[in-house]
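What follows is a set of structures for review.
In the two complexes that follow, subunit A is the common piece, with subunit B as its partner first and subunit C second.
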Partner chain A sequence: MAESKDSILKKIGNYIKNIFSKNKKDKYERLEYASQSQLIWYRFKKHKLAAFGLTVLAILYFTSIFAGFVAPYTHVERIGDYKYAPPTEIHMISEENGLRTPFVYSYSKELDPETFQYEYVIDKSTEYSLKLFVESEPYKLLGFIPMEHKLFGTGDKDAPVFLFGTDNLSRDIFSRILIGGRVSLFVGFGGVFLSFIIGSLLGGISGYFGGVIDEIIMRAVELLMSIPKIPLWIAFSAAVPRDWTAVQTYFAITMILALVGWTGLARVVRGKLMSLKNEQFAMAARAAGASDFRIITKHLLPAFISYLVVHLTLAIPGMILGETTLSFLGLGIQPPAVSWGTLLQDAQDLTVLADYPWHLIPTAFVIVTVLMFNFIGDGLRDAADPYSSK
Partner chain B sequence: MQQDTLVEINDLKQYFAIEKGIFNRKVGEIKAVNGVSLKIKQRETLGLVGESGCGKSTLGRAVLRLQEPTAGDIYFNQEDEKVSVLELNNRDMRKVRANMQMIFQDPFSSLNERMTVMDNIIEPLVVNNIGDKASRKKRAGDLLEQVGLRREYLSRYPHSFSGGQRQRVGIARALSIKPQFIVADEPVSALDVSVQAQILNLLKKLQKEMDLTFLFISHDLGVIRYVSDRIAVMYMGNIVEIGEREELLRNPYHPYTEALLSAVPRPGQRRNRIVLEGSTPDPINLPSGCIFRTRCPYAEKKCAEQKPEWENVEGEHFAACHFKDSLELKGIKNRKRA
Partner chain C sequence: MGNYILRRFLVIVPLLIVISVISFIVVQLPPGSYVETYIQNLKNQGYQPDENEIERLESRYGLNQPAYIQYFTWMKNMIFEGDMGRSFVYKQPVSEIIAERAPMTIMISLMAILLQWIVAVPIGIFSARYQYSIFDYIVTFFGFIGLALPNFLFALVLMYFVYVHTGWAVVGIFSPEFVDASWSFARVLDMLKNLWIPLVVIATAGTAGLIRTLRGTLLDELKKQYVTTARAKGMKERKLILKYPVRVAINPLISTIGWMLPAIVGGEVVVSQVLNLKTLGPVLLGSVQSEDMYLAGGIIMILSSLTVIGTLLSDILLAWVDPKVRYK
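After this line comes the complex of A and B, so read on.
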C-alpha cells in the first residue's frame, strides 16, 4: 500500500517535472524568435500591478461605453419623487426566510414633523428581487442597437435601484457616472492623440534637423512649460463660445488639453531622435543606401515607440484631470451634458456634502482611473526598459 | 604584383564646429580629419592605426560619405571608371554606395534589434531594389553559412546572439550587395580575445573568396599587424606614416610610429618603452609646424616653424617628418610573423 502510494507520487513528480522542463524549453525557443514588442509584452504581463490596472480600466471603459445597457437610467432622467435619495441598500438576508438571492426594499419620503424635512423611510413589507437582464422601455444601445433589457433592476417602478443615490434633481448618480465617463475617460485619448501628433511632429523636426528651427521650437516649449497649467487652460477655455453644443465643447476641450500638453512629448521625441540618429544602426542603414525617410520611419521611430507609449500612458491621467478641473470650474462641459467634472461641481456645496455624502462618489472614480493609468505606465516602463532588473 | 588603385583620397578634411550659447556662436573647430591623402589598392588591406580620438572613425565615415566632409576629394574606381564620390548626386551616390560598405565596431548597436536577422541582412538589397523576396532570402541564408552561422538563424532576432555571432551577422549584412570596398571600423575591439581571432580569420577568408578591399581601422597594433598588407599611422587627424607592413614595423621613419611600436611587448627582449610626454594636444588649437612636436623626443626648432610635407605615395614607405632620413628609429625586429 505504502509502496504504491510512493510510486504514484513519484510518477506525479516526474510528470510535473516534465511539464516544467518542456515549458522551459518552449519558452527558451520562443524568446529567441520573439520580436522586441513581444518581449515587452511578456515582461508587461509579469507586472502584477499593471495587469490589475489594465483589468480595472477595461471594466471602467467597458461599462461606460455600454452605459446605455449597464446604467438603469439616463443621465437626464428624473426619477419620480426621489430627490436626494440615499444609495439603495442591497440585502441578502431576509427577515423571514434567512439567506436568499439579493433583493431591495422600496423607500418612500415622509415629512419629519419636528425638523420639517423630508426623510426617506424604508418600507420592509415587500422584498423586491434584484434581477439580471430586466425588461425596460425600448431604447437604442450606442444609438443604433434596439434593446428592451437593462443589465439589472427590480423590474418594478415602485422599487428603483440607486446604487450611488440620487441628486437634487432626482437623477441616478450611478447612471450619471457611467455616462459621464464617456467624456472623462475618452477626453484623455483624444487629447493624447492630438498632443502626440503635435508633439512628435515638432519634436521630430527639432531633433532631426536641429539648428535654428530647433532653437525656436525648444524656446516655445520652455515658455509653455513655464506657465502653470490651470491659468493656461482657463485662458484657452474662456475663448470657447458658451453657445456651442456639447459635442463642439468636447472637441474644443480636447484641443485645449492637447495644445497645453504636447510640450513634454516634443522634448522626449527630440531627445531620442538626437541621440538615435548617430547610433550605429542608423549609420548602418545610411551606409546601406536608405533614405532619410526610411531611416526615420523604419529605424528611429520603432526604436523609441515604447518610450512614447509609456509617456502617452502617463499623460492620459493628466488629461483626465484637466477635463475634470475645467468642468469643475464651469469652463468645460456644460449641463445638461455630464462628465466627472460636472458631477464634482454638484459636490462643491458643503451643506450638500454634509447631508448627502454620496455626491463624493465620482471623486473615487477619478482617483481610481488616474491610479490605474499610473500602474500601467509603470508596468510598461519597466517592460520597455531592457536594463531593468528582470 | 602591380595592383590598381581602388580608392584615392586627396587632402580630405572633416571639421566639427563647436557652438555655444543660444545664438549658436561658433567658438572653434575640432579638426578631426585634417588633410588626409591616401591611396588604397585593389584587394589589399590597408590598416589604419592610431590612438583613440585621433580621427580614425571620422575618416572612415567620411570616405564612405556617411558624413559630408568639409573639404577634399575622394575617387573611387568603379568598373574602370574613376568616380569623384563627393560630386555625386543622391541617385548616383546610391549606385556607388552599393560598392562600399562598412562593418561597425559595436555589434550590439549596429544591428536593428527590432528586425530579424534576415531583415537586417537584406536591408541593403531592399533599399537598392535588388532581387525579389525569394532570391533575397536565399542570398541571406547563403551569406549566413558563408560567415559560419546556421541558415535557421534567419528568423531569429539579434538579441539571442553573442557578440561574435552578431558581428558575423553584421559582416553578412555588409557583404549582401557584393561590395568591392569595405571600411571595417574596429570590427573586433568589442569582442572577447578568443573570438577576435575567429572574426579576423573570417574576414581574411572572405577577402580571398570575394576579392574584397579593406580599410581596416584599429587602435590595436597586434590586430593591425595580423590583417594588414600596408599600414597607415594616424595622429591628430593626420596620417604621419605609411608603408608595407613588415617594412614599416621593422624600420619606422616617424618618431610617433616608433613610440607606438615600443609599446608592443617583445618576447625575449628588454622592453625599451618610449613614454611620450604630455597628452595629445587640444584638437581645437593644433600646434604649429609638425603636429607631433609637442610630444616628439627628437623635435627641433625647424619642427615648430615648418610643417613636414606629405606625399600621396603608392606602395612606398613614407613619413611626414623633417628628419625621416637621418633619424635612427627602432622598430620591431627578430620577430616571427604573427
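After this line comes the complex of A and C, so read on.
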C-alpha cells in the first residue's frame, strides 16, 4: 500500500513539474496534444537542409527589406570616379601592427602605359578602419524612419567600400543586389498569391463539381501546360507599356507570371478534392445538410492545405526565375529600377564579363535563393506527409 | 494502334485551334493596330507612307474589320496561302523568316533531348542500382543545382569559363568562315564544335528531372519479386538490370517528353539570345520589343504547334513501346 501511495505521489509530482516546465515535457506527451500544424512544424525543424534554407532566406529577406540601412549606397548613386572598380579587399593583418580590426585600403586609378586601360592601384599608405554603424548622410529607412547611420563603412569619402565592385556607371553592385532583391525576392510571393487564387478557384470548381466543367477546365490547363512558358511570357510582356512606372511594371510582371503559372496548382487542388469529396467525413457533412461552400472550406480545405503550402513553396522559385529571365531579356523591370535580372543584363556582354568578372555575383544570389526554396519545399513535403516515418 | 493514333490526332486539332487563337491575341496585344504601327515606323525612318500600300494591307488582312473577322482572315491566309502576315522590321513575309530559322530551332531542341537521354539514362541506372552511394549523393547534389540554375545563367557562366580558359568566344553556331558556306562535312564539324555549349546548357535543366524520374521508377522496380527471383536463379547482374527493370522504367521516361518539350523550347529561346544563335528565339524577342506583332504571333504559333506535335509524337512512341497504353 505504501509503495503505491508513493508512486501516486510521484505521478502527481511529475504532473506538476510538467506544468511548470512546459519545454521539458515528455516528448510523447507533447506529440499527443500537438495540433496537426504543430506536428508539421516539429518534423520540419528536424529536416536539417530545410532549417538551413529557412535561415539563409530569412537573412536574405531581412537584408533586402532593410537594404537602406545595410547597403552603403543607393542603387542609382554614382560614386565619384570609380567605374568598374574591383571588389574592395578587406584586410585583417596590417603590415606594421600585425593582426588588427578589419580595414581597407583606398584605390586610385592609373593609366596602364602598355594597354592604355585604366587600372586600379591599391594605395597602401593609409589603413581605413571598417566601422559598424558608421555615420552617413541623413536618409529615411523604409521611406519614413529618419536615420543617420549605415551598417558599415569607413566613414571616409576617399576610401569607399565596394564589397562586390562597381559597374560601368560606378554604382556599387552590393547595394544594387540588396535593393534589387526587393523586386526579385518578393515577385515570387505576389505571383504565387495570384496563381493561388486562380488555381485553387478553378481547380476547386473542377474537382468538386466534376462533369462538363471539369472537362473544360482540365483541357484548358493541359493546353496552357503544352505551350512553352517562356515565349508566352515574352509575348504577354509586349502588352506592358514601356512608359509605365516601376511599380506598375512590377505588378504587370507579377500578373503575367501568375496567369501562365496557375495550371500546376489547379491540378493539385483538383486531384485532392476529387479524392477527398468521396471520403466518409465529407459524405457525413453532406448528409447533415452542410452547404457546398461549408464542406469545402470547413472539411476539405484543412485536409489538403499542407499539400497546397508545399506546392506554393516550390512554385515561388519558378516565379523568381521567371522575373529574372524576363528582366534579363530586357522585357521586365526597366532601368533605373533594379532587380537581379537587370543586374545580370550587364553581364550579358562577354568582354565586360571577362574583364570585370564580379558582374556574375548576382548569379550566386539567384541560385542560392532558388536552392533554399527547394530545400524548404522538400522539408515541408516530408513534414506534411502524415505517413512519413521520420 | 492505328485507332490510338487517330484518337490522338483528333485531340490535337482543337488544341491547335486554341493555340492559333492565343497567338492571334498576342498579335492584337499592343495598343494600336498593325497599320498604325507600320505608318509610325515609316515616319520614324523619314518615309512618307504610300496610301495605296496601306489600303492594300488593310484589305489583305481585314484590318478595319472586327477582331474575329481579322482572325479568320489571318487563319485563311495562313492555311491556304501560307501567308502569316508581314514583318515591317525585316521587310519580309513572316513565313519566310520562320522557314529560315525554324529548322535550326527544331534541330537544337531534338539534339538537346537526345543529349538529355544519353546523359540521364546511364546516370539514373547507376544511382538507382547504387542507392545512397557517394555517386548517388553527388548526382542528387548536381541535380539540385541543375534544377535551380536558370538556363541563361548557366549559359553566361559556361561562356565566361570557356572564354577565360581557352580565349574562345562562343557566338553563333558557325565560325566566321563557315557562316555563308554551303553544307559540307567541314561545316558540320564546325557546327558541332560550336553547338555543344548551347546543347549542354539547354539539356542540363531537364536532365536532372529525367534522372530523378528514372531513379524513382527503377528503385520501385528493383524491389519487386521478379528481380529477386532472377537473382536467385543466378542471372548475371548486368543482364538482369538492363533487360527487365530498366525496360519497364523507360516507359514513364518517354511520357516525360510531353512536359519536357515546352521547357526545352523555352530554354532554347533564352539561350539562343544569350549565345546569339540564329534560331527563332532572338527574332521573337526582337519582334516583341519593336512591336512587330505579326512576326511575334507567328513565332508563338509555330513554337507552340511544334511543341504540341512533338508531344503527340512522344505519345505515339509511348504507345508503341508500352502495350498497356495502347490497349487502354
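Rule of thumb we're sticking to: the second predicted complex is superposed on the first by the 362 of 390 C-alpha atoms of A that agree within 3 Å, B and C clash if a C-alpha of one lies under 4 Å from a C-alpha of the other, contacts with A are read in each partner's own complex, and residues count from 1 in each chain.
Simple rule for what comes next: a contact is a pair of C-beta atoms (placed from the backbone, for glycine too) under 8 Å apart; a residue touches a chain by one contact, two chains touch by 3 or more.
Only a predicted model underlies this, so the values are computations on that prediction, with no experimental measurement involved.
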| note | Larger residue footprint on subunit A, choosing between subunit B and subunit C, goes to C
| message | Per the contact definition in the header, classify A:K109: touching subunit B only (first), subunit C only (second), both, or neither. | response | neither
| query | Thinking of the overlay built on chain A, is A:N374 touched by subunit B (first), by subunit C (second), by both, or by neither? | reply | second
| query | Which partner does A:G289 contact after superposing on A: first (subunit B), second (subunit C), both, neither? | reply | first
| message | For A:Q36, using the defined touch cut-off, is the partner it touches subunit B, subunit C, both, or neither? Pick first, second, both or neither. | response | first
| When the two structures are overlaid on chain A, which partner does A:P241 contact: first (subunit B), second (subunit C), both, or neither? | second
| request: Based on the superposed arrangement, let me know which partner A:G211 touches: subunit B (first), subunit C (second), both, or neither? | output: first
| request: Spell out the residues on subunit A that touch subunit C in their complex, using ranges where they run on. | output: 219, 223, 225-232, 234-239, 241, 317, 321, 324-325, 328-331, 344, 347-348, 350, 353-354, 357, 360, 363, 366-367, 370-371, 374
| message | Give the list of subunit B residues in touch with subunit A in this complex. | response | 22, 24, 61, 64, 66, 94, 97-98, 100-102, 104-106, 109-114, 116, 123-124, 127-128, 155-157, 159-160, 170, 173-174, 177
| field | Contact set on subunit A toward subunit B in their complex | value | 31-37, 39, 211-212, 215, 279-281, 283-291, 294, 299, 302-303
| said: For a test of understanding, state which residues of subunit C touch subunit A in their complex under the given definition. | reply: 14-15, 18-19, 22, 26, 29-31, 144-145, 147-150, 152-153, 156-157, 159-160, 163-164, 169, 171, 258-259, 261-263, 265-267, 269-270, 273-274, 284-285, 288-289, 291, 293, 296-297, 299-300, 303-304, 307-308, 311
